[in-house]
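Contents: one structure, followed by commentary.
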Amino acid sequence: MKETVIKELAAVQLNNPILIEGLPGLGIVGKIAIRYLIKQLKAEKFAYLYSPHFPYFVLVNKKGGIRLLRGTFYFWKNKNGKNDLILFTGDSQAQTIEGQYEISDRILNFAEQHKVSLIITIGGYRVEVKDKPKVIAASTSPELLNKALQAKAMLSPMGSPIVGTAGLILGLARLKKMDALCLLGETRGYLPDPKAAKSVLEVLKSILDLDVDLAGLDEEIAKAEKMVVRLQKIEEKRALQAEETRKEEDKKVTYIS
Amino acid sequence: MKETVIKELAAVQLNNPILIEGLPGLGIVGKIAIRYLIKQLKAEKFAYLYSPHFPYFVLVNKKGGIRLLRGTFYFWKNKNGKNDLILFTGDSQAQTIEGQYEISDRILNFAEQHKVSLIITIGGYRVEVKDKPKVIAASTSPELLNKALQAKAMLSPMGSPIVGTAGLILGLARLKKMDALCLLGETRGYLPDPKAAKSVLEVLKSILDLDVDLAGLDEEIAKAEKMVVRLQKIEEKRALQAEETRKEEDKKVTYIS
Amino acid sequence: MKETVIKELAAVQLNNPILIEGLPGLGIVGKIAIRYLIKQLKAEKFAYLYSPHFPYFVLVNKKGGIRLLRGTFYFWKNKNGKNDLILFTGDSQAQTIEGQYEISDRILNFAEQHKVSLIITIGGYRVEVKDKPKVIAASTSPELLNKALQAKAMLSPMGSPIVGTAGLILGLARLKKMDALCLLGETRGYLPDPKAAKSVLEVLKSILDLDVDLAGLDEEIAKAEKMVVRLQKIEEKRALQAEETRKEEDKKVTYIS
Amino acid sequence: MKETVIKELAAVQLNNPILIEGLPGLGIVGKIAIRYLIKQLKAEKFAYLYSPHFPYFVLVNKKGGIRLLRGTFYFWKNKNGKNDLILFTGDSQAQTIEGQYEISDRILNFAEQHKVSLIITIGGYRVEVKDKPKVIAASTSPELLNKALQAKAMLSPMGSPIVGTAGLILGLARLKKMDALCLLGETRGYLPDPKAAKSVLEVLKSILDLDVDLAGLDEEIAKAEKMVVRLQKIEEKRALQAEETRKEEDKKVTYIS
């Protein structure tokens, strides 16, 4: 394997499909969102993406089976006659600069082959989130962007970079005159953030007029919040202990002088 | 995108053109100079350079649009019948060694296609600048270098390296028997330095007999100098506080002994 | 040499061969195991693998001769009419991500050319080993895995990564629909660990019904254990000295106050 | 320039030539030796080697001219009817692993084109040198190695690596069945070491029966030794000051207690 390759598992005929991409990144927002959609829509696998720019290890599954790191394409037939969906997620982003460009390029080629009419990429946006995470949007097309804003997304601040596959796909799509939209959920970024993923999916639902129940994410959100609280307590305890130690040392110093 | 590519937006007929390059680098001298020329001459975009050796993120513009990092070629028709100009600047230098050589190579190929008769590269030269920044010159041709010296540039010290695209273009131009000149403005290098850019543009004006008003840079220079003064004050304050703290600690030690 | 190449020293006809791979890695388990097999079976060299992704130095041999870093393929004719063996080990793993994929790919191509029916890779598994090191197994095929479990290997924990050539060969083998099994000996990993290698070879003997005496490894194991004891003593002494120093300093402090 | 290239400046007919290589490395031994030979033999330039794996800067010469980093091939016609010489040195080693292999490969291809019968590489060998630096030899051929030993070189210790172009050329030469010898001068390695270069040239003179006066190196050696003495004095002074400071601080502590 000298280059990134896509292996199709089945020939699939799709109706005017929309491709939605979400690889691991800040808060794992993109991957959480895509995995939730796959589960809810019962989407089916139909292609793998392999790359020599992924990390050089393999993963072991429940039964002792083994596989390369990869990206996976799923499809979902929309029974209401609207756009079918292609959902893409995977284990990792590329580990080299050239690999980042190469993988984004391959995903777009695959989209072209399947006559994809619209590409949406999902990721996280690092910020000190207060209440409900907002969703930041950027696009290759003003019309698309407008749809996102109507769905309560906010304009991405000017000059801010969008790092990795979620960004490069848009940059390269523009060169190929393909329509693409990027939706980033606000997240502190250092822990899996299903709340940010839910915010993104709400915008996505509205834009695509998708019938998906998002309540299933609430359990994951509750777990993630417990985790945050637990980590905060550990942090506070550590701070308290550090304070105690400092006071003890201060006493000694006072005593000496 | 496996390699650096140049996409032309329009077919342009240029009269014996001179290509002037300035990518971001020390003191951002090259980019500041080229951007100023573009603005003053009202030069027009006519080609983009994309590369998988640029950093792997995209930029968002004012309206939520998105683009890959890139270099941009502008042209300017010289109404006095002398040489037309091609101006090149961009978002970033290449991030890999091979990318540095590849991008410089592509720029030269583009110059050859457009029958460019002379290439000038602009950058910064790190030094503790006292008064007016001097301009350092090096060239593939003694005649060209002489023109620069007559325009009050100084000879580059022997053995000193010129790093990045501004240097490699000259090295590769020599192999292709193309004439090229490098002008480096003296700069401390850690902040945008429009003063160094102005010095370079003065030399460039004189060499090319260009009619460009450089007064417009003075406002930028004033801003940059205020920034330097502000940073110096912060630095002085920090030094003072450190001194205070040291004295306090000295007292304690004295007291103990 | 732009790419990894395999140079065959002799044309060899093998009977339904099994390829066993073990490059240096954690505890050098794979290389120790393969080298022991080569010695015991008196296997013969028949091909070298060279790569521009190995480190850029050469090795000097006893007689002042010199050679590139390389991998070496050995063969062993099984007189009992069962599978012949191809044994592969070498000086180093690839130093780049792409090199890791490329070398694993070349080894599989070589295996295909020689009509290899089964590939077994050997390595180390980092863990705080108590008694006898266990052997962890993963495979591209449930039947193969079952054979390993019957030979007292244990299932690899789900989600754990297998890093480097021992893992990538399995990942890539699956794409080529080749059968492959990975056996990892538990090891602390920071010293050569012949005990872990012996555990792996015991499982391997049983799976392949190989007649190899493993007693020859006991001397190496004894040496390695002496080394561990020596390092532990050095460590304890250092800890004691640190304790002494601390007490001395405590005295001073008490005295001051 | 996507790959390493060699540009010949002149077509030269050479008589059974020997190629001697010395790039910068430990103690710059190889480059100092080759440059001295070039000067003494009045050898002439006839080819340049350029590579996108060299560092990405250019050098400015005395007159403000500019050039890429490169390697240079020189030739010398041996009037005594023996072997002509090709001498190779340059500005830098390759900066990437693949580049190291690629450049060594290109040099060997060039040697093959010029029907080179023997290749000798020169470098440094890091060791705490006492008196006269010894010369360490390794070779692709026992006969060649024997010649070096008769010329008072010593056998390279087994297992020791020879890093960079001086080593890789031998490793790759062996694959191409070309004869090659490596001579390494003992050096502490952190300063230019003409004394080590002289030792190597003495062995080389004897092996090739070359008539070159090495006395011209003595001036460089004297200079280098003055530099070492100066650095040692600076070091001693620094050590003394540190000692003083320590004593002062000890006094304080004693006073406290």
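Going by the order they are written in, the chains are A, B, C and D; count residues from 1 in each one.
The rule is simple: a residue touches a chain if its C-beta (ideal position, glycine included) is under 8 Å from a C-beta of that chain, and two chains touch if they have at least 3 such contacts.
If you're wondering where the values come from, they're calculated on a predicted model, not measured in any experiment.
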Most distant chain from chain D, judged by the mean position of its C-alpha atoms: A
Fraction-based call for chain B against chain A, same above half, different below: different
Distance between the centres, which are taken as Cα means, of chain D and chain A, whole angstrom: 52
Rounded Å distance, chain B centre to chain D centre (Cα mean): 37
In chain C, residues with contacts to at least two other chains: 256
Complete list of chain pairs which touch one another: A-B, A-C, B-D, C-D
Footprint of chain D on chain B - complex, ascending: 97-98, 100-102, 105, 137-140, 142, 145, 155-164, 167-168, 170-172, 174-175, 180, 182, 253, 256-257
Contacting residues of chain D [partner chain B, same complex]: 1-2, 7, 50, 52-69, 95-96, 99, 252, 255-256
